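Each structure below is given as structure tokens.
Next come two complexes, and both contain chain A; in the first it sits with chain B, in the second with chain C.
On to the complex of A and B.
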């Protein structure tokens, strides 16, 4: 019969972190004999890029190249404490803890360098390429490898630092319900364009256009990846993923693996564009907020609104299956006064 | 159970390993030959993360009994680069940031290699079809599709593959607007 096009949008405000009974993460940094800086964390990188962000925060604060930073997330039994990577908190909590640890380590590094160069530590700066040098006299300098060797074998010091970020526990005020639940809020808007086949009920998401206000994009490529990969998950929630009608009563006929549990493939992927707005948050690491979870949110109501725009069917239960579209169209037809 | 010796040419080098009847090509590669590029995602042929080239064709190595590949040629992601210079497909994935956690990447790259070998100038639809057996749960596929089209363009060009920085990639879809001052959270 007809392919109906529609456009819809949705906005989301999303909290960075939570406080439960207080929400801390710790980081420890120490220098190796060769001037590498090991960042020890119990926070998990399962592909979202936390190790990259931790290394960036450490390198930026230490004034050393990224290559000098080794992030070790090996063991939650022996590492410094972390609540976990959830609640869009990783970049914010871990980033802040790493910056604090790196500041302390940097201070010791400069003190060791000052002793070697026989100058005042306050007069030293890093050049970003691995050297500590005297301000205004760049010839007077020492490489971090020599600083580390001097610390270990001559001065008998550890170049190390401790960091923690704690979001303090906050109870609601009983009278007003007022509380301080998060550390910042990121904002986003997604516009979706869809095509609805009114014969089959199939919804095709043609394109998504995202605008995100995220504080500071510590790693712009990873931000875009998170925004667009997350939006793809949103499309999946909106029009694909379902265990109905069998769940939870019976698993016998429901999807149990990759073959049967439907998510969009390469050919069902909408075209996407993304705009990132930076309004640094005062308490974020270099101003960053967290956007881990929110990226799947806005596309879902945006697609629902686009379906309404396309064919007049208002759906409030996910996923927006062909069956629900066809039932909605039938209801609209039934409601029409007969000619 | 009969243990058999399987001979194959792996990334151009003669190799042999011992396989039981139930040993898959994937397990042979990973556990006997130490080739960890191909990943074990589902072990049932549904995710494509174990994709390798068997006599030039892409196969899900988790479903291939090792004893059946005796005498064959096998290509894995390890064979694409000498450890110094990346292949054009790898370079295009890197430049286009077509990866996030990276688990699907070796399989995606091998499927792309197979596609470009038989079709140097694929359409977007042909790329989508070529990787339709490869599941990615991070990227939303779009950067992967773009990177494969980019790799195809580099391969068709004469110098593009070695000088990616001068290659005109697809126009960036991301715009940034930055305001310097910190402000209270909203």
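On to the complex of A and C.
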């Protein structure tokens, strides 16, 4: 009996968006009296960081610090329409809508500033710290608080903007499947290393080495959490999870809680080493592609291929249970000519 | 300080701008501190003094005719306020994808005369306490006549299988076809031309989204006849629109507030709890909570569809894949939910990130007497990737070609025509393979290191 090690590879791509169904999201933005900017959405942040991304996109476009941006979302009375958070679409669709809204608001902001400074709006720029200044003459400047106050109480203008992203719906051609199903494709390659215990059939995923191409890392820390969390989920699908362990033959023994529905704990979680590549998408917000879903996918076949490399058992059914490994090993032994 | 993965700026250097101030910075996630300090407010953290609770009486059979439903004992349980049957649901038959024009409406909110899966909701019980609602639901008496069940996707498609769907077929009909089709080139010609033909089968069991927070909502009647829905939905307007259609009420009657979700992964886009909670709130004029127990989340809420995939490849001796035929069977369970969409998404994904001149795929969305499956992270793609990438590994081994070199030889590039007849752009499969190889010290020959996604392949 032995612990057998193996390495497996997998490379995948993944589409951004769901424009087989019609795929719009909207954003509204307005300045408060003191130069805050409220981004109004109805989009749902699932914990992946959509609110933070919306704030970054707004701040970058407005030329204001992130602290000035407030994101108000997930209320259908106050936020404009969003199709929803799925299909790796949030960053791409909502990001684009926020940028469009912020551009419009920025234009008004610069016009108000121009009137206060008695210059041409085209000659103004933001400095990223909260000031609007004259290009080439940075002493001629006005803080966003003063711009907002002037807009509200002196000029009678709303510093606001409207944004929408819509990729027109694609209807597949029934005969051929011709369609335009996505806005971009992200990419991943995973190398998995596993250890197979040929006595118990237990597969331990030791490490994952990943390269991800994601368009643009709008927030590298959140990219890290998303790719690592996703890859963990892939490992979990590969070697642990099933709501029907005996699918399709029976529905018996379906787990009903986390004592029965197994997932990797800290001891079963592989070491992950990942590198990010950026090939900006022409239609993405600052080039970003959607990566929410993709990162769970490559680890699964990489682990399957590593199991074969380790012990010669080709697993074709998910999840890769100890039972399936042991049955595979038995078949290999049975196939060997007897000594 | 958060861990941050390296960004390798050597790749696509001429396509990257870097003149950003906020973009590209590791700004702290806005909800992180609230989560780790316990200050985040989830929908269940809202307290209402007169909150009522909904629990469901569910089918115990895979497939049965309902002969009678007796709620009299349930109504005698102290604290039970109401029972809700399909008669109380204004537009009982629905399909969440109706918002994008998909038909037929194949699922009842509450079962009428038949149940198609174990766990199908038949009666909802509203009570003062959760315990009373559970007790009431357990006392509903349903008498059934069992019907033959179909639990296997390929058996469901066989001519002698019992038809379980009222619309007449055990599969979703795609504009007159029994499957979403991909037809590109001529696979039979490709197989004839190939040096090797490989055909293998892959499959998966259903899996659960396993969110920390189970699916649920609290509906609070407002002055002026509106209903305020506190929900952990992943899609506020999707929930609102579907709920209004089921309630047959003006859309402006409803307000959805959410945005704090203890794990979604596609499991919170089905619009299951909100309609019944709204009906219960309307009938009792009280705030009503309907939240799945962990057991319901695991066995009744939609899982990721189980899939069965046959891939047949024609391959040249040098590893070029010249034909790929895929027969995909997606187990939708008893109802459609989002699976007809996911099956089309699967078709669009085939034959994977490779340029293959002849591709034929039939992607079947199949109905069986199982828990309806629906959206989940990687919808339509995850299981296909398992199959495709296992297939690639097996071909590489069969032909004694390095597994990464095989992939690089077939990798799609800018300008290639995909099987769904969209010209590929922004591709980067070659580069992620090259970079992953470098990460683990897997040596690639110079001609493979020189490949580039933006360089057209040689004819």
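Just so it is clear, the second predicted complex is superposed on the first by the 320 of 339 C-alpha atoms of A that agree within 3 Å, B and C clash if a C-alpha of one lies under 4 Å from a C-alpha of the other, contacts with A are read in each partner's own complex, and residues count from 1 in each chain.
Quick note on the criterion: a contact is a pair of C-beta atoms (placed from the backbone, for glycine too) under 8 Å apart; a residue touches a chain by one contact, two chains touch by 3 or more.
It should be emphasised that the depicted structure is a prediction, and the values quoted were computed from it without experimental measurement.
**Q** What is the contact status of A:332 with respect to chain B (first) and chain C (second): first, second, both, or neither?
**A** Touch partners of A:332: none, neither chain B nor chain C.
**Q** Looking at A:184, would you say it contacts chain B, chain C, both, or neither? Reply first, second, both or neither.
**A** Both partners.
**Q** For A:231, decide between first (touching chain B), second (touching chain C), both and neither.
**A** A:231 sits against chain B, while chain C stays out of touch.
**Q** A:297 contacts which: chain B (first), chain C (second), both, neither?
**A** second
**Q** Considering only the touch criterion stated at the top, classify A:175 as touching first (chain B), second (chain C), both, or neither.
**A** Once the two structures are laid over each other on A, A:175 reaches chain C alone.
**Q** Considering only the touch criterion stated at the top, classify A:269 as touching first (chain B), second (chain C), both, or neither.
**A** first
**Q** Taking the superposition on A as described, I'd like to know which of chain B and chain C A:46 touches: first, second, both or neither.
**A** both
**Q** With both complexes superposed on chain A, which partner does A:2 reach: first (chain B), second (chain C), both or neither?
**A** In the superposition, A:2 contacts neither chain B nor chain C.
**Q** Who contacts more of chain A, chain B or chain C?
**A** C
**Q** Between chain B (first) and chain C (second), which does A:259 come into contact with in this model arrangement: first, second, both, or neither?
**A** After superposing on A, A:259 lies in contact with chain B but is clear of chain C.
**Q** Across the two complexes, what residues of chain A are contacted by chain B and by chain C?
**A** 46-47, 49, 184-185, 217, 220-222, 224-225, 228, 233, 257-258, 263, 273-282, 287
**Q** Can you list the chain A residues touching chain B in their complex?
**A** For chain A paired with chain B, touching residues are 46-49, 183-185, 217, 220-222, 224-226, 228-229, 231-233, 257-259, 263-267, 269, 271-283, 287.
**Q** If you look only at chain A, which of its residues touch chain C in the complex?
**A** Interface residues on the chain A side: 7-15, 18, 20-22, 42-47, 49, 51-52, 55-57, 59-60, 63, 65-66, 71, 73-77, 79, 81-87, 128, 169, 172, 174-182, 184-185, 187-191, 209-213, 215-225, 227-228, 230, 233, 237, 241-245, 247-248, 251, 254-258, 261, 263, 273-282, 286-287, 289, 292-294, 296-298, 300-302, 304-305, 308, 314, 316-319.
**Q** In the complex formed with chain A, which residues of chain B make contact?
**A** Residues of chain B touching chain A: 41-42, 44, 46-47, 97, 100-103, 125, 127-129, 131-132, 134-135, 137-145, 173-186.
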